[in-house]
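Chain IDs A, B, C and D follow the sequence of writing; residue 1 opens each chain.
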Amino acid sequence: MPASLCVVSDSAPTAAPVRHSVNEVDCRVKAHEWVNGQYRLLTLSAPCSVLDCQPGQFFHLLCPQTDRFHPYLRRPMSIYSCNREKGELTFLYKVAGEGTGALAGLETGDVLNIVGPLGQGFEIRPEWRRPLLIARGVGLATLAPLAQECARLRLPLTAICSARAPDLLMSTNLFRSFGAEVITVTDTEGNSDTESLTPLIEGLIRSRGIDAFFTCGSARLMRMLQEIGARHGIGGQVALEQHMACGIGMCQACVRPFRREDGAVNLRVCREGPVFDLQEVL
Amino acid sequence: MPASLCVVSDSAPTAAPVRHSVNEVDCRVKAHEWVNGQYRLLTLSAPCSVLDCQPGQFFHLLCPQTDRFHPYLRRPMSIYSCNREKGELTFLYKVAGEGTGALAGLETGDVLNIVGPLGQGFEIRPEWRRPLLIARGVGLATLAPLAQECARLRLPLTAICSARAPDLLMSTNLFRSFGAEVITVTDTEGNSDTESLTPLIEGLIRSRGIDAFFTCGSARLMRMLQEIGARHGIGGQVALEQHMACGIGMCQACVRPFRREDGAVNLRVCREGPVFDLQEVL
Amino acid sequence: MADLTTRIGALVLKNPIMPASGTFSEELAEVFDLDCLGAHVTKTITQGKRAGNPVPRVCEVNGAMLNSIGIPSKGAEWFLQNTVPFYADYDAPLVISISANSADEFARFAEEVSVPGVAAIEVNISCPNVEDHGKAFAMRPGPTGDVIRKMRSATDLPLWAKLSPNTGEVVEVAQAAEAAGADALVTANTMLAMAIDSATGRARLGNVMGGLSGPALKPITLRMTYQCARAVSIPVIGCGGISTVDDVLEYLIAGARAVQVGTATFISPTTMPRLIGELEQELEERGLTSVDALIGSVDIADEAITLAEYA
Amino acid sequence: MADLTTRIGALVLKNPIMPASGTFSEELAEVFDLDCLGAHVTKTITQGKRAGNPVPRVCEVNGAMLNSIGIPSKGAEWFLQNTVPFYADYDAPLVISISANSADEFARFAEEVSVPGVAAIEVNISCPNVEDHGKAFAMRPGPTGDVIRKMRSATDLPLWAKLSPNTGEVVEVAQAAEAAGADALVTANTMLAMAIDSATGRARLGNVMGGLSGPALKPITLRMTYQCARAVSIPVIGCGGISTVDDVLEYLIAGARAVQVGTATFISPTTMPRLIGELEQELEERGLTSVDALIGSVDIADEAITLAEYA
């Protein structure tokens, strides 16, 4: 899992729209393990053509047809790690419904068709020197490669990992391996609500000099960070989700409203996102 | 394969319409072998409730969904053998399209859902003492249990087995094991056309005293037998096929026209058939 | 135990599950006890004898089927002498489906079949109207209203109008049926479709075009059920692609007071009794005491966009 | 090598495979070279800006999908300045899909978009007609004829009328479009449908109802293609549920001169180039030298009932 993430240098994928940067490829399953009772880690052997990816980008997976599950549309999944040397791509996902139920049936050696890499990943602006990652549930999967990127950029990192219960906290060791200071909070311990977190985070701003927020996995946490950020003049980014059909920007299924200069605009989560400016989210 | 077929005594299934004589049951696959390059023999463990069957009756099989094949409707298959003691039911089938393609993927231990027994089987009238069975291709499967029934009734039996090529001739040993005199003809040998068969059969009428025809598997052979039968005053029966939906008489999908006292009538192959009077077929 | 009864006008059904016309017959009694059903609905008959369409009459497409059975009919006399008495042995109400070539014929035929033992008449108006260039009655509110109005004055039996998904005027047709005196609507019949064998270039039905039924039809007929349940105040009976208890629930939630199961019975002849058991179980698991609690309970999401909350 | 070219009126397409409106955009150029396509067809635009429908805008049903995207549009100006120039780099003809609220608006808009670089206009008449109580133009021959007629006098570009499967008057609408001067028909748009989450009781689309597309739609739109190809003499372009080369063949055999691929591109973005290759291979395997040889070749089985001949 401590994979070295291959980050695309400067040019964002939209900069040069006519290169064939999105690929549909069949990948073999290398490993597929339960991380806990709800989450699975899927490791694929992937060709180089799809391994040029940024933290925060995602792939669109063609979940298999099984006896019980008949997914039709693809399912979006964040890159959990991507390793060019090993030709490996991993996803950390929660078994939820039809699609992920079908996915969970994949065995080592099976083939999975994927499309990607898709979307805009996280951007660590040069002025952001002291990032705080706040992830909940499956948001941990999306933020993991960002933690690695922070490590690569030698940015001191603090991460708050939230989950319903301690056994559902994942990736904390992975975050630590990237040098992050990890704070865990859970519903069962009663310290994951915004009332408890707000003072905790404001304390971190004072003590650690936090100057950027990155979050994923909870609307509640995102709203809280918008407020704290507005109060303290701290910017940041959030990775969002939305129901998708095409995943590559054609269908307009995945829009959400955002605050821009000239009022609210609908942007495509699959294309302009999934990572957006924290304060622009409406 | 030399299974003892369990024949229902006197009452035809239609006689008492309100007993629950048709069952939908899940059966385990006991064995599943290739008989030759095109035909497979499927042996199921079946409960007693469905093993009260007559030669010529059929089951309606819910072919499984596979990666490649997605059959929707059930597929009708003649009973090849039915053994109450062993709790066994077999089908001999040709791998043709979507449904049989899916069927061919079943492995020992898998479950197959079947509905039956269905339809009217063969009737060996008391005046028929010297039957001739003429089967082609998969018609051999349908006539096999009839041969066994003839053996049980101690009727001397002659069977003409026709196929495209010698390696596609099946069940000839099975017919022989029931004491039948077996004559094989094939397209490759050039002796399976009606021009060759008509004198052969007329010879058998003279030499063996054939007084009934039973046939299945070829429209051409059926027409030929209708003619020979009409010329020699010989009756008989034919097992027919038709595209089906329900298989139990509800939908009227499977009708064919038959000659009856008051002109032509449409009868349901699944219900009034699949076995019909040879001369009534239009 | 949850109360499965449902009321379709004057008729009380012991549960909301019944067969769809043309996919049910006496022969199913060999598979299970037909008295478990909410009602019995027979194949459409015409007054006189009819032959039906050329074979092949059915084919399968992508998890659904097409049929061009047509309406082969042994005629009213045979039906009244043979079929009606068969169902007299059962408690479940007998609903008979009829068809005719004109509104007047419909009315005369309704009168003829209004005999003891028949609990309601389902009006199959998806057949060609000889007075309207052969266009099916169900395509337009006018002819639909005519048929129901004339039948209404010819019989006291409840009249169920069976709508077609082939019309662009679903709501108008539904309202015309209600205004003319229909006691219930059935939504819906099959959708006109076609299949070709790409290998041979041959149309896969003898009649070239035929009706689509089975799971692929459900999103369309569920939509009609929802539209009609909001547009009329008579009961709506959902029909189209039902094979699982979730399908039943969706129709009830959309506003149907009962449902008809068609093609699924071909795939599994024990579908209906299974659905009755599963529906009861579902109600209990949801802590609902009656089917009524579900009917029309569809929740129309407000426009707020909410972020998924992971936990 | 088989000749894949097909002629849609004055336009010659290098092959009969093109995208369906709303399922294609510039972004697909990141997946494959768009110049392999027979034509480019853009998402429907309106003259002014529009927001589209609430989310969720898509959901899946039984091997198909529903969408209620609506027609979010950045308006004509933005489109002419950004989208048209993008496609100028390609040889494939650019077909732009437009929509408006009245026949006159359609005409004015057609004139505005008749600029160099645009090869044809697809007329999306499945949108509400403000002059007909919000009923879609495509539901009736009258409004369909009006739109096409007024557009015909406003532009010289070929006009493709995109029909709706929601009407009961498919043939009449097709003939009205032809009579009014349409150069081709596209059969068809999505079918109005609905889905409910049985667990929550919630409508699965923010807009409650939406359009069914994907494999489940094919038998319906294939039937429309067949009906239209027999009823008009202008070319018909098949659309609905195409994802395999067999689907393409079925449409061509039914009478389509070209086909549009929609939802399949969402499932596999490389569908169209794959179909082009497979179509060529199929023609060669069948010993056919051109696509023309297949078009309209459907074989209507005679009524003879034949016994299967086993061998």
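Definition applied: a residue touches a chain if its C-beta (ideal position, glycine included) is under 8 Å from a C-beta of that chain, and two chains touch if they have at least 3 such contacts.
Predicted model only: the values in this text are computed from it and were never measured.
Peer 1: By mean C-alpha coordinates, which chain is most distant from subunit D?
Peer 2: Most remote chain from subunit D, centroid-wise, comes out as B.
Peer 1: Which two chains have the greatest number of C-beta pairs in contact?
Peer 2: C-D
Peer 1: With chain centres taken as the means of their Cα atoms, state the distance from subunit A to subunit D in Å.
Peer 2: Each chain's C-alpha centroid was found; their separation is 36 Å.
Peer 1: CA centre of subunit C versus CA centre of subunit D: separation in Å?
Peer 2: 32
Peer 1: Approximately how many whole Å separate the CA-defined centres of subunit B and subunit D?
Peer 2: Averaging C-alpha atoms per chain gives centres 48 Å apart.
Peer 1: Give me the residues of subunit D that touch two or more other chains.
Peer 2: 55-56, 61-64, 305
Peer 1: Touching two or more other chains, which residues of subunit A qualify?
Peer 2: 256
Peer 1: Quick check on the complex: what are the subunit C residues that touch subunit D?
Peer 2: 54-56, 61-64, 66, 135, 139-140, 164, 166-169, 191-196, 198, 200-203, 206, 208-209, 212, 215-216, 218-220, 222-223, 226, 241, 246-247, 249-250, 253-254, 294, 297-301, 303, 305
Peer 1: Spell out the residues on subunit D that touch subunit A in their complex, using ranges where they run on.
Peer 2: Per the stated touch rule, the residues are 22-33, 43, 51-52, 55-65, 67, 69, 72, 89, 214, 263, 265-270.
Peer 1: For subunit A, which residues count as touching subunit D in their complex?
Peer 2: Of all residues in subunit A, those touching subunit D are 13, 17-24, 62, 70-74, 98, 113, 115, 242-256, 266, 271.
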